[in-house]
Structure formats: structure tokens, C-alpha cells
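Here come two complexes built around chain A, the first alongside chain B, the second alongside chain C.
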Partner chain A sequence: MKAAVIALPRSPARLWPYVGGAVGLVVLAAIPEFLGLYQTQLLTYGLIMAIAALGFNLLLGYTGLLSFGHSAYFGLGAYTVAFLLQWLGIHSMELYILLGLPVAAIVSALFGFICVRHTRIFFGILTLALSQVLYSLALKFFWVTGGTDGLRVPRPTLLLGIIDFAGSGGFPRFIRSYYYYVLGVFVLSAAIMWVIVHSPFGKALQAIRDNETRARFLGLRVRRFRWAAFLLSGTFTALAGILWVPLNGLTTPDVLYWPFSGEIVFMTLLGGFRNFFGPIVGGIVFTFLKTYAVASTEYWQLLLGTVLVVLILLLPTGVVGALSQLAKRLRTTREGAR
Partner chain B sequence: MSILAVQVLNSLFYASVLFLIAAGLSLIFGVMRIVNLAHGSLFAIGAYIGAWLVGRAIGLGVPVTWLLLVIPIAALAVALVGIVIEPLLLRPFYRRAEEYQLLVTFGLLLILEDLMRLVWGALPLTADTVMDTMPVVHIGALVYPGYNILVIGIGIAAAILLWVVIYGTKFGVLLRATSQDRRMAAALGLNVGLVYVAAFAIGCFMAGLGGAIVVPSHAAVLGMGVEALVLAFVVVVVGGLGSLKGALVGALIVSFVRTAGIQFFPEVELAVLYLIAAVVLIARPTGLFGTA
Partner chain C sequence: MSLLRTVELRKRFGALNACDGVNFAVEKGEFLSLVGSNGAGKTTLVNLITAHLEPDSGRILFEDRDITSMTVAARIKAGIARSFQLVNLFDGLSVFDNVALSIFAREGKTAKITTLAANDGDVDREARDVLAEFGIAAKSELPAGELAQGERKLLDVAVAYALRPKLLFLDEPTSGVSSAEKAQIMDTVSSVVRSGAVTAVVIEHDMDVVFRYSDRIVMMHEGAFLADGPPDAIRANETVASILLGTPSPA
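Presenting the complex of A and B:
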């Protein structure tokens, strides 16, 4: 069973996600050559958001739980990095990830243990309430967290200190290197997530999502599975926060505030939560959409809100879902004509 | 001793406003099964309309004693906004999954927040003239604004009125019937669509009223709705979503804890509130008075 999970499926129809993934990867690896520095930076943000949305979607798309408090884990990752710098003087990105992930996993496990006692709307409110506990702590304990000013995180060294960005011209070098660094982490996390959702564990989560009672009759310990999914989901989103903070250079309580959770939900929905690749596309598209909305109009929230409402009215399966439906329809009409 | 009295009055003032917001949120959830994330923004719109009307009225030379009329007008205006929103935005989503209902109200929140900025700008809008015209009350050696006592009175009156409407009138029976079983109510010939509009409009009216009564003592600022919403969430979670009694008790608990918090443990004042909500949700998922 374990080998079957990783081995390529024999049926050619099942092969296209791998082909699509490989093509996407080649495009992502080559594209900085054609983009300016600013666009590359934006794409880095997009990949980071894609990791956050992938983590979030393990709960929404695969387990059927809508969290409205995922800002907590993103912000937790960001603030952990800031504290590691402030208290221990750590400058290495690898150490940030290695030390940050266990912290995130512990807090996710704790919050998840509480939240998975409920489902549906109560789950959403509980996740929101817990995330706001962290938000208000970050806001009020200003002598630790810097309050609304936040904490600064300068550019760290990459690959155990081999690459550092001190001196002049550090910024463009950082953006170029960091893009590939984030891309590497992204590919690794996406691959791990792919294995998770296609493993027996992932199938069990989907069974629970589709019919909790039947899953229970099959002997699945529903709450424990949800808890594990919550833990993984929170940790993935925290990884995104860890990667985000050196790029942003600063972490403020805004990333813990609940409207940011709404943005994570938004990007996942934009891409489509019924498809593995949906959150990835959503994270990248949302980042560009938001940046251009902010740049072009003072009233970007108005624009984004309208997009969101129209989107869920007209494209409930998101961009990726709509495209795959379109592809399916084209295929059937072509076969019908034949 | 008089400090204690002032703190109690402050808590009651705060509870009145919170009750108005939370009761509307709870009513909408009870009848329509929608958690309205934009509810705080409706509250903020009430505050903005109130402050704006006060400014206009003063500009037109309306005598200050008439300024209090602004409060019901602002609340009615927000109710009108609700009457427009419900059929336009919410109705297409009743048959869809909960996630989409939550998201459409989140989209609405983004839209409303920016519309407020578009119409009234980014600077705070004040209406403190209303507060200044009211006499002050002497409590021991301390002076207390009479307006705050009026707000407490409005809060109490609103609570009583709401009770009478929901538990004492035919309309209340219709509301409760729809809330218990929408399809059965429809099968019995009830115009459910109309009940939904009415429930949403009443919820909006109360949010708008909350905003309009708070604006003379605070100012209308951007982001006040987003902040108020989470507190209203705490109230309904503690009291029970969909329960009127819960909204009242929850508002009182939250207000007194918050007043005490600001006095004794200002750093964790908000965190304590959210933790109370979390503890209640764990121990009694339906809240103290909820049945849902």
C-alpha cells in the first residue's frame, strides 16, 4: 500500500496531475529570468500564500471543516521567527524553520484539540475566537511583541550561512535567491501534501468529510483524524508565516487579525477547494490580484469584496474547478462529434 | 463607592450597545441560519449615518433638542440597507453550503467597510454635540454624562420591546415558527421570504441603533465594525447563538468582565474575553441559553 501511494499510477488519465505539476514547476523555475525584481518578489509572496492555502485546504477541502482562524498559525510562524531573532540572535533561515515548525505544531495541536470537538459553524467560531486570543496578546504585550509597530526581521542567511546578504546590492540578490529557496520549500511541501491527501489517512479524512456517520461505522476515530488534520494544517500554514516574515521584513498583529483568516479562505476559494491545485493557483492569483487592487485604487477592499461575491455566485468551484469543468465539457463535445 | 457606581454604569452602557448588536446577530442566525460577518459593519454604518446626520442638522440650524431624533432615523436607514441586501445578496445562498453563506457575508463586510470610507472618508466622524446638550448627573463627588444613562434606558427599552414582539405578537409567532422549521412553516402557507426580509431588517435596525447611540460618546471610525463583530461573537457564543436571553446575559457578562479587565488586568482584557468564549464553547457548545 505504501509503495502504491508514491508510485505513478498506470492509467494515463491519472497521469495528468503529475504532468501538469511538472510543467508548472518548469515554468516556475524559469520565470524569474523573464520577470523584473518586483514581479519575482510578488511571485515569492504568491508561493508562500500557496503553502498557507494548501495547509488550510487540508481542513476545508479534504476534512470538511471551515476554519476562520488560520491567521493564528500564519502569525504564529511569523512571530516565532521574530522571537528567535530577538531572544536567541538566530539569523539562519534553516534554524527558523527547524525551530519554528515544532512550536507551530504544538500550538496547532493544542488549539486543534479544543476545536475539533465541534464541526460546522461552531468550529468556525471557535477557531476565530482562539486566533483572536493570540491577536489581542500580540497587541497588548507591546514590550514583547512591539504592539502595532510589530517586530522587524532583517534578511537571514540561507543554506546554513553559505549565502548571506550583507553589504551593498543585498536586496536584489536576496530576492533572486529567496525566490528559489521558497520555490524549493514550496515544492517539498506540495509533494508532502500530495502524499498526505492520497494516503489512506487522506482518504479517511475525505470519508469523514463526505459522511461522518458512515466513517464512524467503518471504525474510524473521527475526532482523532480531524485533530491530526488540524495539526498538519496549522503547521503548514505556520511554515508559510515563517517564510513570509523575512521577505516582508516585519511582522505586525495584522497577520493575526481575523480578516487575514478571511483572506486565506478567500484565496483557497478563488482557486477552488475541491481540487488539489486550486489553493496553489488561488494563493498566487490572490497575491497578484490584491497587490494590483491596492496599487490601482484606494478602495481595493471594495474591489476584492465584489470579486469574492461574484466568484461564489458564478464560479463556486473556483478558477481551477471551472477550468477543469470546461476541459471536461470540451472533451465530451469532441467525443460526441466523433 | 461612587467610583464603583460609575463603573457599573459604564458596564451597563457598554452592555446596552453590545446587546443591540448581538441580539440582531442572534436573531438573524436564529431565523435565517446565517452567521452574518458583516453585522459589525452595519453597526458602523449606523454610527456613521448618525454622526453625519448630526453634522448636517447642526449645519441647517436644527435646534439641539431635536438632535436625538437622529438616532431612530439612522437606525431606520440601516434597516433599509438590510432590506436591500437580503434579497440581493443573501437569498441566492440559502440552499448552498454554510461555507458559502459565511463567505458571502465576508465579501459583504469588505464591500461595506470600503463604502464607508468612500462616503465618509478616513477621518473619524464625531457627534459629541448631542452628548454636550444633555445634562450631567452627580454621583457622589463625580460627574457622569446624562447621555450614557439615556443609552442604558434605550438598551433596556429595546430589550423589552424585542421580547414583546417576539413572544407576544403574531409576528413573533411567525418568526419563531420559521426559525424552528422553515419548510414546515412554508408548507403551512407562511411567506417565508417575507419573514426573512423582516428578520434581517430588524437585525440591521438593532445594529444601526447600536451604532447611532454609541456615536455621540465615541466617534465613528473605520474598523469599528470589525472590532465590534468579534465582541458580538463572544456575546452570542457565551449566551448561545439564536437565543435572545443569551444575548442579554452574554452582553452583561462581557461588559462587566471588560470593565473589570480594563481596571485590573488591562493587558489580557481582550484575551480573557476570547478565552471565556472558548471555555463556554467547550463546556456548553450551544452557549448558556442556546438550543441550536
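Presenting the complex of A and C:
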């Protein structure tokens, strides 16, 4: 396989995603110095959700398919880790990822094969239905899955056992180390996703999103592309689930339940699904928003619902979309004034 | 040997005979116009040949090979491309990407997932050349959805042309644009098609355009061929005139 080479684009307008990405990375790398343990932990959750939303957005933003069942892949990742621990006694994070991803890919391929036979609402309903099959399995087969109690996953070792968290002071060390671990996986995933959506394959997905008929008349096998996108999307979201479970310490059927799929949709819309960075910002902002909403009011769902309504009415392109429009407008005004 | 032949091609939509045993032949290198009133079956014929529709009966031969049961993708690979009556573009992609994607598709490169599209120098060069040929190079970076109607029409043809087909069907390349723009579009299209030695079949309503650019004109009426010949012969044909203009020929 030929390695991806990122040559910097010639036109300065195309440079800003790279500059923005680099600035964002520096901020993310430095910020734990200024944050408490709890905030660092929250930000770790945020980065994990960002990976899930990036995966989800390959389908929504780039292929034009709205999945209402992405909890399935997130939960699949989480439960696979729990089973690897329970059945094989595996404690290594690297093994969780290496063994979890193929499992996720196989199930995504299977579910995707069924779902991409349809588009629009029918596609959405199929994804929802399949995710709820997994949810009921996790709920009913309690002798395997622990039912509503779920399965516990204690802190794993990182970097092939070089870092472990046994003994006293393990928790704060874990939170600090795990943040950078997740940041590393996040940067790698985001870079891979960036290459995917800017590859000829990614352009073909966007073409199919914009105009299926014309795409067919370029000789593209539309369903096959949608299937491949589904597989990648599910696998990315499963990666998020794999990273999530050791941090949470426990996986319950909640991560397979449909409201969580809704949250993935919500965070992507919040950040903006028309922009590569939208789901990243959305995942992080949503995590903090939800945490503070839950902490500050009993009616947090009402609060989040209001945010969603306001968002769709006022910022239909999400936070990142609105910011980039603002930047564009400022640029043209400045050029006009000159 | 004709480039394309249809043998007794039939397609019915309920009571409507859209294609009534058509025997159609296209010769290599010609610029052929398909004319006739609305509902004459022109688009149906093109849809059948490009696998957008399945025929009820009959056969389609391309370079003497039976392609009747071939998929859209297989026919494109064989060398048949088309544009659409209502502009069909990838509006969210840039003008450049619209054409580049055609080239990626033709070269079988759309499965490439580990390299950036912008880093493919060959495709980049070719796409820029095609856009220059069609006179829309200055708009390369704009989203296709932001182009004016005339430019959209040109891009629509450019996307099909970039597949480097042997046979190119253009379904009303000048519909919905001003008459001033029509000539410009047809000049561009015909010069590009002729310089690239592409055989073209154009569905067109504007008879001035048809007479000016075609080598041969085929007239359809109620799913069948009514007349077939060079522009002069068609111009002199009284049946054609009476159907197209609703009046007897002035000659």
C-alpha cells in the first residue's frame, strides 16, 4: 500500500485547515497543564466522542446517508473490549484496539450490506432497527453481558504494558496518561479520515451524495461505495467505543440504546456536518455541554433540546460552519474596504 | 461497420409507444442530431442505449458487440457516455473536482483511498486541460452549484467528455439558456468533440442550431424514425417541416 503523502496545497485559502489543525493540536497538547483532573477527563471523553462523530460524518456529511444506529458500533467496540477481558484475560489497550477493530469491521460490513440497499428514511430506519437488535441482545443475554449491570473494564496497561496503573496514585496517573494516549489515537484517526475524504474514493462518495444518477453515469458502482463508507464509518465509531470503555470503567446497554445514536447525530450537527472539523468541535463541545447541563438542572434534556432547536434555526451549518462563514464575510468586507 | 446499431428496439410506457422497433445506426466520427417534438421518443432512445432504461425487446450493438444486457458501468467502459437534459452535476464539489472525478472513474482510480486526489499530477493536468478546452478554467475552484446556467451546461458536457468516450450522447445541451449563449455553447461543444474525434449524438430542439452543426439529422415521431439525412435533405423534407413547424414547407 502506497503511503499517503500530504503535499501542502499551493493556494493560501486551502492552507488554513492545516494551520487550524496544527494550532488546535498544540492547544490540545498543552491544555492539561492548565486543567484539573476532572476537566482533563472530560476532555478525553470529548476527544473520544470526536472520533465517533468523525466516523458518523463520513456517512452523513460525505456520503449523504443519515444513520440513526451508530450506537451499535460504539457499543460494539465497548463490549468487544469487555469480552476480550472476560474471556481471554487481555489487559493491553493495544490488543483491545488491534482485536476490536476487525470485529467492528466485520459487523459493520454485515450491517452495512443490509442497510445500503436503501437510502434516506429507509436507510435510517434499518440502521436504527439493527442497533436495537444489539441492544436487546446486550439486555437479554445477561449471563454473557451482565444485562443492565453491564460489564466492568478496569484500567488497562498502555503501550504494550510499559505503563500500568497498579498501586496507589493509579487513578490520577491514568487520567493524565490516558488523555495523551487518546489524543494520539485521535490525531492519527483524524489524519486518516482527512486522507480518506480527500482521496479519489472520498471525492466519489461526495459525488454520490450530490447526485447518485450522474455518479452511476461515470461508471461508479454506487452501492459498493456506500457499503465501503458504511464499513469505515462503523469501524471508526467502534474505535471510539474501544477507547471509551476503560475510561468509563464499565459498559452498559445504554451505549447501544437509540438515544445515544441521537447524541452522535446531535454532536455532529452541533459542530457542523458540512465541514471536516465540525464533528470534532461538536464532540468536544457536546461532552462539556451535556455534563454541565446534567450537573446544573434536573431538566437537562429540556436544556439540550432547546440548544438543538436554537442551533437548527440559527446555525444550520453548526458552530464550525458559522465560524467559517463569519471568517469569509470578514475577509470580503476587508477586501471591499481596501 | 457502424459504431452503434440498434435492432428493432422497443419500449412501451403503458399505451405510449416510446420506441417502436427502432433501427438506428451511428457512424464513426459523425455529429448527429436527433430531433422531433416533445414525446417523440428521443430521450427514451438515448436512455435505452445508455442503460438508463431496459428495452422491452430488440438488441443494441456497439462496435458489433451485443451490449443489450450490459450494465451502465460496463457500457461506459465500452465507450458510451452521456450528459443529461436537466443539468446533473456534483454541486457540492468544485468545478475542477467534477471533471477530475470523471477522469478518476475512467482510470479506475476511485478505489484509491490512501492518496490525496489533489496529488495526482496526471489527473490534475488533464482536468485543467479539459476545463480550458471548455472555457471554464477560470471557475475551477468554485463549487459547481454556484455556476451560471450556461457554464453549468458546459460543465455537464465536460464531465461526460472527460470519460473520453467513443460515443457521446448530449441530451439538449443548450436547453434553458439564452439564444446568445446557445451559439457559444454549441461552438465550444462541437469544436471540442470534433478535435477529440468523438462521435456525438445530440438531442436538440433549436433547428437553427441543428442545421448549423450536424453532419446528419434523424427525425423521430411517435417512437419511430420519420426522416434521416444530411441537413439539406431534412430542410427540404416536407413531412419534417409540417411536423416541426405545423405548416407546409415554404419550398
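What we mean here is this: the second predicted complex is superposed on the first by the 333 of 338 C-alpha atoms of A that agree within 3 Å, B and C clash if a C-alpha of one lies under 4 Å from a C-alpha of the other, contacts with A are read in each partner's own complex, and residues count from 1 in each chain.
Note that in this section a contact is a pair of C-beta atoms (placed from the backbone, for glycine too) under 8 Å apart; a residue touches a chain by one contact, two chains touch by 3 or more.
In this text, all values refer to a predicted model and were calculated from it rather than measured experimentally.
Contact with chain B, but none with chain C, is seen for A:Ile114 once the two complexes are overlaid on the shared chain.
In the superposition on chain A, contact is made by A:Val195 with chain C only, not with chain B.
When the shared chain is aligned, chain C comes close enough to touch A:Ala204, but chain B does not.
When both complexes are overlaid on chain A, the residue A:Arg216 reaches chain C alone and has no touch with chain B. Here chain A touches chain C in the complex through residues 1-7, 9, 11, 195-196, 198-204, 206-207, 209-211, 213-221, 225, going by the rule given at the top.
By the touch criterion stated above, chain C contacts chain A in their complex at residues 50, 52, 72-73, 76-77, 81-82, 84, 88-93, 97-98, 100-102, 104-106, 109-120, 141, 159-160, 163. On chain B, the positions that touch chain A within their shared complex are 35, 37, 89, 92-93, 96, 98-100, 102-104, 106-115, 117-118, 226, 230, 233-234, 237, 241, 266-271, 274-275, 277-278, 281-282, 285.
Contact residues on chain A toward chain B in their complex (touch as defined above): 60, 66, 68, 114, 117-118, 120-122, 124-126, 128-130, 132-133, 136-137, 139-141, 258-259, 262, 265-266, 269, 298-302, 304-306, 308-309, 312-313, 316.
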